[in-house]
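Same chain, two partners: chain A is paired with chain B first, then with chain C.
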Partner chain A sequence: MLEIKEISVSYQRHCALADVSMTVEQGDFVALIGSNGAGKSTLINSVSGLTKISKGSILFQGETISGLSPDLIASLGLIQVPEGRKLFPLMSVEENLEIGAYLPDPRKMYARNLGKMFEMFPRLKERRKQSAGSLSGGEQQMLAIARALMAQPILLMLDEPSLGLAPIVTQEIFKILRELNDEGLTILLVSQEVLQSLKISRRGYLLENGSVNLTGASGDLLKDVRVKESYLGL
Partner chain B sequence: MNSTLIFQSLISGVMMGSVYALLGVGFSLTWGVMKVINVAHAAFGLLAAFFAYTVFHRYGIDPVVSLVLSVPFLFFLGCALYRFLLIRITSARAVIVSSMILTFGVAIILENLALLLWGADPRLFTTSYTSKVIIVGPFYFQYPPVIGFVMSVVGISSIYLFLKRTYVGKAVRAAWQQPEASQLCGINLGRISAITFGLAVASAGAGGVGMGLLYSFEPHSHNLWLIYLFLVVIVGGVGNVLGTAMAGLIIGVITGLSMAFLPYQWVNLLTFGLLMVILVVKPQGLFQSEV
Partner chain C sequence: MAIALIGLVAFPLFGPPVYFISFVFWVFLYVCLSSSWNLIGGYAGYLSFGHVAFFGIGAYATAMIGKIFGLSITMTLLATIPAGVISSFIAIIVGYPCLRLRGPYFAVITLCFSFVSQLTVKNLEFLGGADGLWLKSMDVPVLVNRTIFYELMLFLTVLTVWVSYLVGRSRFGAGLRAIKEDEEVAQTMAINAPRLKIMAFALSAFFPGIAGGIYACYLSYIHPDVVFDVNMSILQVLMALFGGASSWVGPVVGAVSLTLVNEGLSTFVKAELARIIYGLLFIIVIVFMPNGILEFFSRKRRKIER
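Moving on, here comes the complex of A and B:
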């Protein structure tokens, strides 16, 4: 479904990604793990069109998307939940969800999808008239996910959804992602929570200093000596 | 002091201020949403006023009615200006500064265009109702400010409702609050910016005709109007539509009252002295910046 072919990204003279390749299949749940500064966000932003790639190509459902503008890429069903949530702070919960359903097709399904989101996240229903900026961190993350789901994603990409959240909230969010994938949604998860993301995902990629150093089934990565030593502290 | 005079000046201040607000609301929007300080904003208003003048004196059509033509025209002109001119500076590191320089050039062009087409003489709408008054009890109201007030209420509330109730309006607010995330939701920033700029320039047209109802105008009048724009926007909070409206009313009331009770040369001193006090005490404006 998503094919990243040997892409490179440089910021000024600093190389953030070097010849990274990666694939995400239909129905897959891929975890992209690695430490801070490894290039995970750069990769996901390149897919979304927020970061320009200097080399390589990105294909989504067989079509080249590298070079398209972010809104066009979103309209193809490639939806990102950005790092730090990036909600519209002065708008209400409901307005945030409305903007999530901004594109023509999702807009037609707005009422139905809104009901689904409120079912999935009852807390958001309670706070539907409150401004997004007044929500707790966990609620904000749920709203960010719900906003992305309102766009009816074909591939959902999440950048550090557990950042700054309490462990119990993180677990709740990961559980929701697991359920979404079980229902058939393709997910690409970027996270520093190596253990948890490998536990819920099907396949994993380890990104170090801008290149993919390890890839395989998530269960195998969990057993890998390098992952154990560097990321799980075992 | 008698209370009738106070009340009378209060009301005329409100009416005058509402027109400043109408002229200022678009200025505030482009500043808040797009970080573009459109120094030519008042010049667009002036253009609409001159157009209204010509239409009125040549065909006898009321200045307010001329807006049916000039508002859509200015909307498309604004969109085009964004599309072909302003878009080039949106990626600049200091958009605010470069936008001021760019639009200053536009203002000079517009001012000289007005000079070329209409000459340097001051113009005044002398409609059938210009000198008529409405008398309510002990108060009397001149027609032109009342019309300006109604225009302002209609104009500002439609912009407010556009931003709060329509999908595109909500997209404008979203794009301002979180440009990157709004793109990830499928919002085309270029298109939203063009619409915002077009809307702002169109509202300047309405504001300009409103100003023309109150004062005489000439090709360089927009410079004076511009000072009031800064005043209204700084007091009202950048990007805040209702704040701009409130600021217009406050400034109108202050000007109205000081006009009634102070020698004329003190009026601007008081108004702008107050601006300085506000800038020192509450530099973010009396109302929060919000779209």
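Moving on, here comes the complex of A and C:
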């Protein structure tokens, strides 16, 4: 479904990604792991069109999307939950969800999807009239995910959804992602939470210094000596 | 609402002094200007400080259409509609590069745009240059004349406020609000920010263009210093912010209250003192009510209710 073919990205002279290739299949749950500054966010932002790539190409459902504007890419069903949540803080919870359903098709399904979201995240329902900025960190992350889901994504990309959250909230959010994937949603997850994200995903890519150093089924990656030593502290 | 509207339409029939009709004409003009400014400045958060340019362009476009085709004054009034279109068209051309800039940069470039358009008109011989342009005047008694312009401006103002209300409730308005809060994120939510901004800018130039045309016929003489007056740009911004720029009501309340205060002060207090009080009022509102008086008072009421 998503094919990233040998893309490179550089910020001025610093090379952030070098010849990175990656694929995400329909129904897949891919975890992209790595430490700070490995290029994970750069990769996800290149797919969203927020970062321009200098080499290579990105294909989504067989069509080239590299070079398109972010709003066009989003309208194809490639929706990102940005790092740090990036809600519209002054708008209410409901208004945020309304913006999520901005495109004509999701807008038609607004009422139904809104009900679904409130079912999935009951706490958002309680706070529907409150401004997004007044929510707790965990609630904000849930709202960010719900806002993205309102757009009826074909591929959901999440950038560090566990950032700054208590372990118990992180678990809750990861559990929801697992359920969404079980229902058939394709997910690309970027995270520093190596252990947890490998536990819930199907496949994993390890990104180090701007290139993919290891890839395979998540279970296999968990057993890999390199991953164990560098990221799991075992 | 409907009763208030009928009252406003019927107001000149009760035979008020000409002064009052002219004064209310000014109130309408400012409601129209600040409401249309609010489409780009309030909803999308792009503070245009040169919006008077579109007022001036509308005034000159109307005058020139009338002059070139030798139209009667009634026909010239109809020419305000193409003048509004010309205003919008220029807004699209100017907005395309300018709307890439944000925050203070956008404010400064729009301010420059209004100065440049004023200087251009001043230096173009066929537009009357620094001498200004004369229009035909209506051959009717003053009271009738004023009443006609009163009703025209009332109609335009109601139309503007209605459009501003509709935009605020629409998907278009939701997109603009998202752009105001965070443009990058808005784009990742499939909102075509550049196109929405241009559309809002063009729409916000349309009504001032027509208003400028009506104003030109009203005065029957236009001069670059009058219809491109930078004070007008600043006033419409302040009025919208004074009332509260996030909804359609804010600019209406702001424009009405500030015009009333200004007129009241200049009538009852010495002119110098009036300016000082007027300035102080702005400082108070900006410091203590940064989201406008409407939100300030509605928040207070909510507190009391609790």
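Criterion: the second predicted complex is superposed on the first by the 234 of 234 C-alpha atoms of A that agree within 3 Å, B and C clash if a C-alpha of one lies under 4 Å from a C-alpha of the other, contacts with A are read in each partner's own complex, and residues count from 1 in each chain.
Going forward, a contact is a pair of C-beta atoms (placed from the backbone, for glycine too) under 8 Å apart; a residue touches a chain by one contact, two chains touch by 3 or more.
Quick caveat: nothing in here was measured; it's all calculated off a predicted structure.
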{"item": "Clash-or-fit label for the pair chain B, chain C on chain A", "value": "clash"}
{"item": "Which superposed partner A:82 touches (first chain B, second chain C, both, neither)", "value": "both"}
{"item": "Touched partner set for A:226, first chain B, second chain C, both or neither", "value": "neither"}
{"item": "Partner chain(s) touched by A:95 [first = chain B, second = chain C, both, neither]", "value": "both"}
{"item": "Which superposed partner A:52 touches (first chain B, second chain C, both, neither)", "value": "neither"}
{"item": "Chain B versus chain C as contact partner of A:108, first or second or both or neither", "value": "neither"}
{"item": "Residues on chain A lying within both footprints (that of chain B and that of chain C)", "value": "48, 50, 69-71, 74-75, 79-80, 82, 86-91, 95, 98-100, 102-103, 107, 147, 151"}
{"item": "Partner chain A, residues of chain C touching it in the complex", "value": "171, 174-175, 177-178, 181-182, 184-193"}
{"item": "Chain C contact footprint on chain A (complex, rising order)", "value": "48, 50, 69-72, 74-75, 79-80, 82, 86-91, 95, 98-100, 102-103, 107, 147, 151"}
{"item": "Residues on chain A engaged by chain B in the complex (per definition of touch)", "value": "48, 50, 69-71, 74-75, 79-80, 82, 86-91, 95, 98-100, 102-103, 107, 147-148, 151"}
{"item": "Chain B - residues contacting chain A, complex", "value": "167, 170-171, 173-174, 177-178, 180-189, 290-291"}
